[in-house]
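Both complexes below contain subunit A, partnered by subunit B and then by subunit C.
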Partner chain A sequence: MGLLDNESIPRRKMILFFVIDTSGSMVGSKIGSVNDAIENVLPMIGEISDENPDAEINVAALEFSTETRWLYDEPKGAKDFIWQKVEADGLTSLGEACEELNKKLSRSGGFMPTSSGSGYFAPAIILLSDGGPTDNFEGGLKVLQGNSWYKSAIKIAIAIGDDADKDVLKQFTGSSEAVITVHNIDALKKMIRIIAITSSQIGSKSTSATDATKQEQVIDKVNEAAADVAGAETAAAPAPAGTDSYDEWD
Partner chain B sequence: MNSIYSYCKGESHILSEKPCQDYAYAASSDTLSMAIVSDGHGGERYFRSDHGSHLLVDITKESVRSFVETIAEQKECIFEEQPFTQYIKKTATDSQVNSKAHKMLMWLFSSIISQWNVAIAKHAIENDLTEWELTHVEEKYRDEFLNKRNDPEATFEKTYGCTLMAYVQTPTYWFAFQIGDGKLVRMNIINEVLHCDQPVPWDSRCFLNKTTSICDSNALEEFRYCYQGDGIFPTAIFLGSDGLDDSYGDGEQLYNFYANLFKQIAKSGKEEAYNVLKRSLPKISKIASKDDMSVACVYDDSNLEHDFHTMCNYQRDLLQKEREKLLDVNSILGQKIDSYGSESTLDESAKINLLYARKDQEKVDKKWEKVYKKLKELDKEEDRFDKKLHPQKITKQVKKDKTKTLSDILKKK
Partner chain C sequence: MIELKIGESVSLTNGAQAKIIKELGRGGQGIVYLVEVNGQNMALKWYFNNMGDWFYRNLEDNVTKGAPSEAFLWPEYLTTKQKGTYGYIMKLRPQGYHEFGQYLLARAKFKSFEAMVNAAMKICEGFKALHLSGLSYQDLNDGNFFIHPDTGDVLICDNDNVAPEGVSSGILGKARYMAPEVVTGKAMPSKQTDRYSLSVVLFLLFYANHPLEGARVLACPCMTEKYEKQFYGSEPIFIYDKVNDKNRPVRGVHNNVLRRWNAFPAILRETFTQEFSSKCLSDPNKRKLERQWQNVIQQIRDMLVVCPECKDETFVEDANTPKCMCCGKPFNIAGTLQINDRKVLLTPNTKVYVDMDNKPDIQVINVPGDRYPIQLRNITTNNWVVETPSGKIRSVEPNMSMPVKAGLKVNLTGAIKGVII
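== the complex of A and B ==
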């Protein structure tokens, strides 16, 4: 066995988490668009993973309504990930989702096999929600905020429609710039794609020489792309004043 | 005792035309052996961390020599008959903090920090911005540096910031210390069995690309260490910068790499092992972490032939453990697949889960074959080693394990 035994060098990994609100208010075109968009973006993330010499991208999906449920009990390679359509019904247990995410962002019983981070890139977490939490969100978030993987993660949220609680999403991501609001099906699909691809591309690269964090890089790129998406709104470019709502979900 | 070390520029530094920011050193004699590794920070603000790491290793080398001489002059050695002891500030006890060993080590670290700060200030004053720095470093960091040069009270630790780890061994004691990331691995042979661990306590503030550093304002408090003076010495100690553990992880695969390095020394001698290491590190960086890589090692060379076999047995045990794990996984997957029954009765979700279970079973089978192949290679390697050392000796015939595939194992059952 030589010193350079390629097969003993594991490929560095990055996990992309989708955290999806499947509460009753997501019923209809909203949940349909989420299913459609994620199903279509997964092969693209698979390509990024294949062509990326730095890391392999794995995907995990957590849906939350009255309860929480992981689509699979371990992250799957992006290329092999078979999307199982999620359905909408029930309440919005985002606090419980935070606690569940905390459990899996750990070594013991979780998805992260190392406590020092060796061999892994920081994960990317994309939260999609159209409303406000109906459980103890602050308690759940406090638990999650003590987690080192969460603290290092790229965090982006998509607020689906005007009824989404943007303050909650800002608390989750850590900044208002990381919350993108979408007002129609087309914008929702496009932003899921842009955010998933940008997070995967930047998150799975070796640390650059610049001091801008990966989070900052992703936010900058996503905000720049969102400017060209009709129906997408960022903190830098909010909706026109005097508009009560311009959601179009039919 | 003997030693070996090497370091190289990382693949990402080659592509971005940055210098190698790692530096390493190792040396050994009957009276004093040491290994030191320092890893300069990669962020733009730390644009002279390559000089920082080089200066830090040189200063640590001399400081350790002086420290060991000071201990030797004392009536009672601070480490004499001390059992294995670890320290990190977070969990330190009063008796640890009040011990003479702790006070002396803190004095050593304090001396290293202050000498380093003097050295980098001298370097900063005597060396203008280079052509590379003028074209590659962001203006705000160049301006920060230039402003400090005009201020006699200014310090330059951020520009030169780096990590540090060191191992020191004398005939009667050994100690190791660290600030920042990178992994210090100890190999002990106890009752013919190799044990690997990381004796310096880990600092949880070193996570992903964040690390504690000699350039932190509270650097002295961030040092952590271990020592032992009761006559028990490691077979080998390996220091590796985070480029290594980002490539291999910080567990058994990293230990396996070091076992292979030790075996290389036993097989081909130190000089050839150095050449192999020097050629391998850039390749590992290219395939894996892309980061600068450095390795420094101090090892007991009094029993290389015997220790070679112990290393092989360790690797064999790791592979056997992996086989057992694969058997368990295969069994669970088999039960899962059986539980689904006829595919025609399944809903969409169950069909997908069944498909995944079958794919996972295929992966397990492929891994099993790879492990089998590695076990065979290990046997051949041991045979070649024995024949080379004892060409006339008839080697023992080892019962050949023909269980190449998982289905062979299942058939046997």
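== the complex of A and C ==
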């Protein structure tokens, strides 16, 4: 190879985690929209990754109902991630999901092996849920909260419908501003797209030299965008009760 | 923000209308549309969110001031404030240019070192023009430059955050590109912080690795905001720092700089080592001015020749014993053109740049069988005036050539005089 040729500049990896509630109550249009929205956003994330000299973006997806299951054994490049449709059935073992996350957010035996080239940027974790945990959530979360990768991660949650336990999601993400509630299918799809793209864009780049952390930047951008999405509710602008369009859930 | 639809019209502050043709792309700040304005196709950047009044007025000022040089893809018209946001109109980017990031990702490639060096020169020229206009960049990063792989021509884009020196646009740029004093929050962007960013961009351009990312940064498993503030702000260490070897490039990861560091001319190594020494990292006043960078780039351009053996390009640092960095063979320099204290080396097929623009002025050619087998062809549009050792005056018109014969004095374009030694 001549001196004029160069290899790609070494890039860190950023892993985008989708943590998806596939309990029985998600059955029907809710889980259908989640499948649809994620499948559609993956190519866009692939493009963000391709154009980015700072980092490449890999994706990992964990579904949790009565048990937990990773869609793939290891994170995959966004363009290579072939979405397998998840189905809804069972309970809501969010506590176990937290413990699974903790296991994989690690260098030894996890998704961040030391042997991997140039290291990582902090991951982004997007949690989607429509209900409340049916297992020992507090215990699982406590374990996860001791994990450094989790601590530095960008964390955003989408509460699907009014039955979602917003308090639990607030505990998971660290603030009520990081929880966006959606009241219809369209809002759900739009917010999945906005949140996945915003976290990827901000998470995979060198930080702006400001004081705002990446988490704060993502929260700001997502909340601003949510203001334009009919049916999306933020912590700052709570919707009046009973705004769910129940027909749509059928 | 409400996205614009095809066929929709947006009104501009000068009274004209811009009609949306289609979306060209979108970035972090907004969407870029192909629009038609007064029969011409142009680009409209339309912001996602209302960027505020200060930003609008700054754009207005920039539109009025005009571009610092033709290297800038500059806001030409402003839209009125509408639909809770606004945008600006600029020329379309011509075909064939690739984003600087694509070169870093090895997806775009320079055709020659000549093109790479031209790109370096053009970037410096752009910064110089910007600062002369009283403006500073503020948010420099790999997304701002579009470079043509064959000519090395550079277009500087994303000029939204360009603001007058000393005034802050509020955007601080990416830690990887910003001066340490900005990353740590001690200072706001300025001409001097721009110059730091310029050095980083030039280092990336030549060596395709980041000047502060070596073993020490690699050892960090998770690059968080806190570590970025440390590695690019409070404790930056150059990968080839003379004293501190904790951050050296790592074999297998930083292969680009490992291959090129010693192959490229010493003047480049020395300049970068100084620019990224702890003294210059911590003292903005010690950084090189654009003009000084251009002198360094001119020096390496003067020593870039075509190897007569393998026909690839090579830098020649020692004119007494030239050796090709590609084929390794020694060869002879056909002659040297002395311009003031510059010694421009000549071999057949080499192009010579007499001044600092990116238009070559002389083409060295082979004329086999001629009494003077190596000649200089005038590839400018002006006449050269040559004085022979015996005092005769000859004229060399465009496309004509003169011999490489010691003692000939030549008045080149722009009152630059040279003599063949």
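In this section, the second predicted complex is superposed on the first by the 226 of 250 C-alpha atoms of A that agree within 3 Å, B and C clash if a C-alpha of one lies under 4 Å from a C-alpha of the other, contacts with A are read in each partner's own complex, and residues count from 1 in each chain.
Everything that follows uses one rule, which is that a contact is a pair of C-beta atoms (placed from the backbone, for glycine too) under 8 Å apart; a residue touches a chain by one contact, two chains touch by 3 or more.
Everything numeric in this text was worked out from a predicted model, so none of it was measured.
Novice: Let me test your reading of the model: by the given contact rule, A:F64 touches which partner, first (subunit B), second (subunit C), both or neither?
Specialist: Neither partner.
Novice: Quick check on the superposed pair: does A:Q201 touch subunit B, subunit C, both, or neither? Answer first, second, both or neither.
Specialist: So A:Q201 only meets subunit C here.
Novice: Does subunit B (first) or subunit C (second) touch A:D80, or do both, or does neither?
Specialist: first
Novice: Counting only touches as set out at the top, which of subunit B and subunit C does A:F18 meet: first, second, both, neither?
Specialist: A:F18 sits against neither subunit B nor subunit C.
Novice: Quick one: is A:Y72 in contact with subunit B, with subunit C, with both, or with neither? Answer first, second, both or neither.
Specialist: A:Y72: touches subunit B, not subunit C.
Novice: Output check: A:S118 vs subunit B and subunit C. Expected answer is one of first, second, both, neither. What do you get?
Specialist: So A:S118 meets both subunit B and subunit C here.
Novice: In the superposed arrangement, which partner chain does A:N52 touch: subunit B (first), subunit C (second), both, or neither?
Specialist: second
Novice: Regarding the shared-chain residue A:L4, is it in contact with subunit B (first), subunit C (second), both, or neither?
Specialist: Both: A:L4 reaches subunit B and subunit C.
Novice: Going by the contact rule set out at the top, does A:R107 touch subunit B (first), subunit C (second), both, or neither?
Specialist: second
Novice: Need the overlap of the two footprints on subunit A, from subunit B and from subunit C, as residue ranges.
Specialist: Common interface on subunit A, subunit B vs subunit C: 2-10, 12, 54, 114, 117-122, 148, 152, 206-207, 209-211.
Novice: Name, in rising order, each residue of subunit B that touches subunit A in their complex.
Specialist: Touch residues, subunit B against subunit A: 12, 16, 18, 42-45, 138, 181, 183, 202, 204, 206-210, 242, 245-251, 253-254, 256-257, 260-261, 263-264, 276-277, 279-280, 283-284, 287-291, 315, 348-349, 352, 355-356, 359, 370, 374, 377-378, 381.
Novice: Taking the complex as given, what residues does subunit C use to touch subunit A?
Specialist: 1-2, 28, 48-49, 99, 101-102, 104-107, 109-110, 112-113, 116, 141-142, 171-178, 182-183, 185, 204, 208-210, 213, 218, 220-225, 228, 232-233, 253-256, 259-260, 263, 312, 325-326
Novice: Using the touch definition up top, name the residues of subunit A that touch subunit B in the complex.
Specialist: For this pair, the touching residues of subunit A are 1-12, 54, 72, 76, 80, 82, 84, 113-122, 148, 152, 206-207, 209-211.
Novice: List the residues on subunit A that touch subunit C in their complex, please.
Specialist: Of all residues in subunit A, those touching subunit C are 2-10, 12, 50-54, 107, 112, 114, 117-122, 148-149, 152, 201, 205-211, 213-214, 224-225, 228.
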